[in-house]
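Just so it is clear, A, B, C, D and E label the chains in written order, and each chain counts residues from 1 on its own.
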Amino acid sequence: MSTMPVINLKDINVTFRRRLIGGDAVHAVRGVSLSIGPGETLGLVGESGSGKTTLGRVCLGLLRPTSGTMRFDGQDFGRLRQRRGQLSVVLQHPEWALNPRLRCGVSVAEPLKILGAPAAARREAVARMLDQVGLTPDFAERYPGQLSGGQRQRVAIARALITEPRFILFDEAVSALDVSVQAQVLNLIVDLQEKLGFAALFISHDMAATRYVCHRIAVMLKGEVVESAPAETFYGTPEHPYSRALMEAVA
Amino acid sequence: MTSRKLLGSVAAAALMGLAALPLHAQEGTLTWGKPAEITGFDVHVAGTVASWEMYQMVYETLLSADDELGLQAGLAESWEQTSDTTYTLTIREGAAFSNGRAVTTDDVIGSFERIKNPETASYWSHQLGDIASIEAVGDRTVQVELAKPHATFLPALAHITAAILPMKELREGSFDPTQEMMGSGPFMVENHNQDESWTLKANPHYWRDGYPLAATLEVPIIPDESARIAAIRDGRIDFTTFENPDVQRMLGTNAQVEIQPQQTTNYYRLDVNALKEDSAFFDKRVRQAMNLSLDREAINNFVFDGSSAVDYPVPAAFGKDACRDLDTYAMPRDERLEKARGLLEEAGNTSPEVALTISSANPVLGRIGQVVQQNLSEAGFEVEINQVPTAEYLQKVFTDGDFDFSASWLAGYTDPGMVIKWWDPNFAVWNLSFQQNVPELSEALKEVSSIADEAVRDEKLVEICEMIDDGANLLALVGKSDYVVYRNDQVEVVVADRSGSANTYQYIAEFDPK
Amino acid sequence: MSPLAEIRDLVISYRTGSGGLRALDGTDLILTPGETVAVVGESGSGKSTLGMAIGRLLPGEAHCEGGTLSVAGTDVLNADADTLRALRRDKLGFVFQNPMSALDPTMRVGKQVARAMGGKPGQKEIEALLTRAELSEPGRVLRAFPHELSGGMAQRVVIAMAIARQPALLIADEPTASLDASIREKIMATLNRLRDETGATLVVLSHDLRLIARHSDRVAVMYGGRVVEDGAVETVLDAPAHPYTAALLSAAAGSEKPGERLDPIPGMPPSLSGRCEACAFAPRCTFAREQCRTERPEPRVIAKRRVICHFAEDALAAPGAERRA
Amino acid sequence: MRLLLYLLPRVAAALITLLGVSVLVFLALRMIPGGYADILLGPFVTPEAREAISQRYGLDQPMIVQYWRWLVSLLQGDFGISMVTQKPVIHEFIRRAPVTLELAFIALGLALAVGLPLGVASGIRRGGRKGLDAARVVGAIGASVPDFVVGSVLIFIFSVWSLWFRVGGYVPFTDDPVGNLQTMLLPGLTLSLFGIALVLRTTRDAVLRVMTEGYITAAVARGETPRAIIRLHILRNAAIPVVTVVTTYFGFLLGGAVVVEVLFSIPGFGLFTFNGLLNRDYAIVQAGVLLAAGVFVAINMTADFLYAVIDPRVGS
Amino acid sequence: MRTAIYWLSRIWRSDALSAFGLASLLLLIFLGIFGPLLPLGDPTQIAAGPRLGPPTPQHPFGTDELGRSFLPRVVQGIRATFLLSAIAVLISAMIGTFLGMAAGYFGRAVDIMVARGADILFAFPALLVGLLVAAVLGPGQVSAIAVIAIATLPLLIRVVRSVTLSVAGRGFVTAAEVAGASAGRILLLHILPNVMGAVMVQLTYALSIGMIIESALSFLGLGVQPPDASLGSLLRQGSAYLTIAPWMAMSSGAVLSLAIMSVNLVGDAVRDALEPLKGRDLT
């Protein structure tokens, strides 16, 4: 395992303009510096509108920061297409995580297909991935409409992992799941990371879940990271008053 | 000619006599449901019936046509042809424009000059022949000198496009013929709402005292046939015109509604493009085969319910029988079809594909087209029908010559000599785009235009008919009648049995509102 | 004390394109005045159907197949429209999951609150009510439109409207689920404070066992359209008698120590199309035996709580049950 | 301020739209085969005469020059001169405005008077239930029977039995109010049928949609009466889609209901523009289309403004 | 095929009105396809009966002014009206879907241009744009198709654009973007299949609008050319003889209305199935 961080953000600012002409500028992210090493999960918590999702999009290269630098594996990020297979994402709404018109196998195989892998290799990889996320191979033939929320999120994780990426963003990946299913998915994330060693950013407003899967936790408030500490700290007493307010809900 | 002229003078005198003793005071309102709006104000320029009909309410021509399509006095009380090329015309005493100014020789001369001026863009300048000079030879008399004989000079004067304009006012700038009307006719325009209605008032200075009988003429524009039928039914309009012969059935049940058919010299015709090289009709034999396979009787029966009649290049309304013995008309249809197939075989094109272009404005043309389509299919033709807007039809046929054949109707005017000129592309230059120049035919037509003797002329017409039939370039189909429909409880109408220049309402001054 | 609301063996099904979907499969619940009851269950457990059934607010395709439901002496299932309306107006107060959708976006907040209060309340009275719901700038809030409020403020407005007529029963369906974590506690605290003030009974429907437990007197755990365990909060959480309650507690993140693993519940929640003739939890239950798969368990009282399980005693005795202390 | 910031970009967009319309109509007219010279001169068009006419009306200039001239005079309020009458076309449009407006208001009035209550009733009645309801039948028929079919039937009925109404012809209201109504009610009715269906269906959908909203459940849960819920919550919230289609429909009516005007010989915008097109009277068609588009855009802006009034969320 | 049968049975079962619409639509489509094979007579045969003859067993819809049997002409008209509208609407759907997806997915300049273009088309009074196009292209089937396509295009663009906007925000699209999928792949594989539902619903409305426009054009004489017939041109033909041969206008008008209505009813049923609106009782 190299010690070079996979994601390295320095002084990132993101500003939106609401209208073409006039209108207020919205500072979604202000001066955020973060880094995530290989095999490490960074938790990002904060209330809605605090800039978590915007920062996540910056890490994925979907959004160019207004200022600041983003390095990936110590290099310039470049274009998204050049990073094919190195990044992936698992998003919030399980009902929209998968294209309802495609069989799950096709969805899972898509990142490999984009990389140009041959069909046989793709089939083999899909079967392997489905097994890893605890699904039987016949799920490849099913449509998302036939799956429960937890199963869909597992398929989405299988798709995210199939290229063995360097970095995965989990954006509210378990928030919409029922408690009993949430636990299954959280365990899965932890297990797979141990096995595959990807860097992960885990965005959530749920302190309990974040604390469970993350090595470090950063708390965002109004676009700024107000506290960043190892997860263990959050089992004790976090420093920032806002972090404490968040923890009260868990206690 | 002399007798005709004399008759004309007598008729004019008789009218004068009547005019001296008006039967009614001018009062009441006439309502004329007009089927179409004018296409322009300039009487010397516009070439559509819809415009002519309105001009005739306001303007006058020097001569006019009588019931027998002969000439009668108009704005000119007398006229005389003193040589092959010399004519004198005397303006009626008391004739005046609606502003009260008397019509002068200057107005006549100026109007002729205006028609002749290329800048005016009047299509009628051809019909007037080649005028060498025109001058006043007295207070009310003008003398016209033609460069060469032109037998239809006088009939051409009877067409509304040769109307006399108030030239003094025009030159002064107080009258603009392109956006208003001022003439010496029975009515003058009081109000006009485009596409909607006109209001005309009796011209107080009209030369016939006590006429027009109506004080006001209201003219709503009602293009839709059904709406016009409804309007005449409920008495909102007093009179109107239809082209569709089925109107007799449509209105048959109403005792107050009378229908008076008016025979015209107009007929439906086919223009065949002899000049377009990629058209099957480029081959004369194919054109002849087409002419032979037409079933004019069927057109009459199916489109006109038998109310019309087969027509000829020299319109049947003139009573000539110049063309009747041709195979086209005399041979039984089976044999004609046989002959047509033979011609097609000879031409090496047994199933020619052709397109019939017609204006979509007139539904009668569409029906004719469909019967023609079926007729021709019996000889092996495959006909496609293209109904296009009038403007497009006109451009395609008369400007671009971009068509195979087209159906339309032709104004027969008031003299066989006028209508027959259409077969001479040197004269009818608008036909240049599709009409073959047959020198012998042109020569014969030139000749006939200067023949005065009726019998000699009729003989020549037979010869011409044969040549026309041989070229199969412009074909006559069936006669076109107009149907004047009026409310007998609301108006007394005077309509000529026969008409030649779409002057259906030439006796509008004598229409009497009840 | 006589019960405020009595729900007995309530069966409610939804007509769907593919047959019926049974949301409540014989639910029993008795509410006494002045208590806070947490109804806990995952999605599909029937808790929302239960909440809406109390006000007979279910949509047209839901229909009742059996059981009784009475609130404050009114037979809700058979009441006529006027009685029902009077009940809703005077005895019930509802707080919904998403406050934004519970407020009419085109009407100023003040007017909506005034409608809820009834009559023609003055501005002072409206402000006073909003203040009771702990809204800091009532004057500004009542002039605002709903979209100009934050989620937390909007929920306080909804709460104010719900208590406007001193209801006897306050039903809050996931009142904090759409709100940020940092204000959930405060909203729950407000609700409980208001319950104390008005002496109403508060029913909170939630999937979050832990959050709710802190603010309730009693907890009713629902699974497969039935209340599988119902008792005092401490009793139930300290030693769950139903295997499902126990599993739910060990599956939820938040109580684990650093490095400790969560125990997920295998399988999926059931979806019933008719009466369940077995234990609905049996397929996922570690205690399940043959009887669980063939015989429908009936409620019984064990260790100071009502429970629906053939082998509740075994679950109580299982190691780890007391670990939740 | 909210309204201003919300409306300003819309005004700009509207102007761009109108400019686009002007270019398109200008180009389209120049691409049409056949010109005014053909119409004016009938079949007797000679190349010289055609040339003279072209020159007279400036049609011999390059197209870009013609367009530029037209645009410049448009900006000065000059919509051009009819070739047929040689008079400014704008006068003719202004004269026709009352006719078109009256027809539009009759049709819109009928559509609203019948469509709105039926739509609300149908939407509320449905409340999740299925089954045949009369309003749906009315809606289905109204949306499906083309206006010229309705018009033909009406003409047939009223020209066979002339029951008070008149078919065709137009009488100005100021001349004869009764006669005016006799002629305008039938075409108004013809046009309104589609409007009734449109308003009915839209209202019904909008009401149904609002009925799924949480605040309706909340209101029911508060014990509000159905009457109060409809009046306070449903009508206002359902109004937005209804405003959209009503304004679009009104714009369509004002833009000229060509078929009905042709059928009943009503001298409105549509008939005038239609005749202008047949006569290749460019100025009339250009002005007609541009005015119709202008009215349409203006009405849509009114609708945008109405949204902002109805729904406080719009534009903030 | 299975999906088609599923949808048909679903519409059939939804309610009486929808079932009626479906039945009449299927009947009309059957007549449109197999009409020429049925022993109804030759639609172009002049003098097959008397001029303007009333309905008889031999000519159930009477005869027209050229003595042609009107029933086979109406059947021919059904075919033309459906075929023209369907072709036009499919063209419009293809262009509209492409432009709408591009506008919704790429946003910015593409969106502004497409949206503005749609506005311009939308601002044209529908029938006037029809008349203009028919005038430019000349009357006939091609211009009828063009007119319908142009008139229905802005509707489709708007709907597809807004659906695309919502689909593009869904997780699977973001996931594909992150995986480095090309824009073409995302549009074709992920967005297109998911906007098809909305397009289908809009398509049925566009089809009914198309049929109205086609028949209005034909009614004004700018649509299909004789002796071919569309329901609109037959109605125009019949309306000239309304007073003496009402069967022409009545039969073609009734069939035309029925055709449009059945398309509308089926469209309603499809929409209700795709997006059920379950309002609540107010009591």
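Please note the rule applied: a contact is a pair of C-beta atoms (placed from the backbone, for glycine too) under 8 Å apart; a residue touches a chain by one contact, two chains touch by 3 or more.
This is a predicted model, so every value here is computed, not measured.
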Query: What is the graph distance from subunit B to subunit C, where chains are linked when they touch?
result: 2
Message: Measuring between Cα centroids, which chain is at the maximum distance from subunit B?
response: C
Query: So, what's the distance in Å between the C-alpha centres of subunit B and subunit A?
result: 86
Task: Could you please state the distance in Å, as a whole number, between where the Cα atoms of subunit D are centred and where those of subunit E are centred?
output: 21
Query: Any idea how many Å lie between the Cα centroids of subunit C and subunit D?
result: 53
Task: Just give me the whole-number Å value for how far the CA centre of subunit B lies from that of subunit D.
output: 41
Task: Spell out, as numbers or ranges, the residues of subunit C touching 2 or more other chains.
output: 57, 59-61, 85
Message: Among all residues of subunit A, which ones touch two or more of the remaining chains?
response: none
Statement: In subunit E, the residues touching two or more other chains are 135, 138, 239, 242-243, 278, 280-281, 283
Subunit D-touching residues of subunit B, taken from the complex the two chains share: 37-41, 45-48, 118-123, 176, 178-179, 192-196, 220-224, 226-231, 233-234, 236, 361, 388-399, 408, 429-430
Message: Under the definition above, what is the set of subunit C residues touching subunit A in their complex?
response: 42-43, 151, 180-182, 184-185, 207-209, 211, 247-248, 251-254, 256-258, 261-266, 268-269
- line: Counting only contacts in the complex, subunit B reaches subunit E at residues 225-226, 229, 244, 246, 249-250, 298, 302-303, 305, 360, 363, 366-367, 369-371, 373-374, 384-389, 392
- prompt: In their complex, what parts of subunit D are in touch with subunit C?
  reply: 127-129, 213-215, 217-225, 228, 232-233, 236-237, 310-313, 316
- prompt: Can you list the subunit E residues touching subunit D in their complex?
  reply: 14-17, 21, 116-117, 119-120, 122-128, 131-133, 135-136, 138, 208, 212, 215-216, 219-220, 232, 235, 238-239, 242-243, 246, 249-250, 253, 256-258, 260-261, 264-265, 268, 277-283
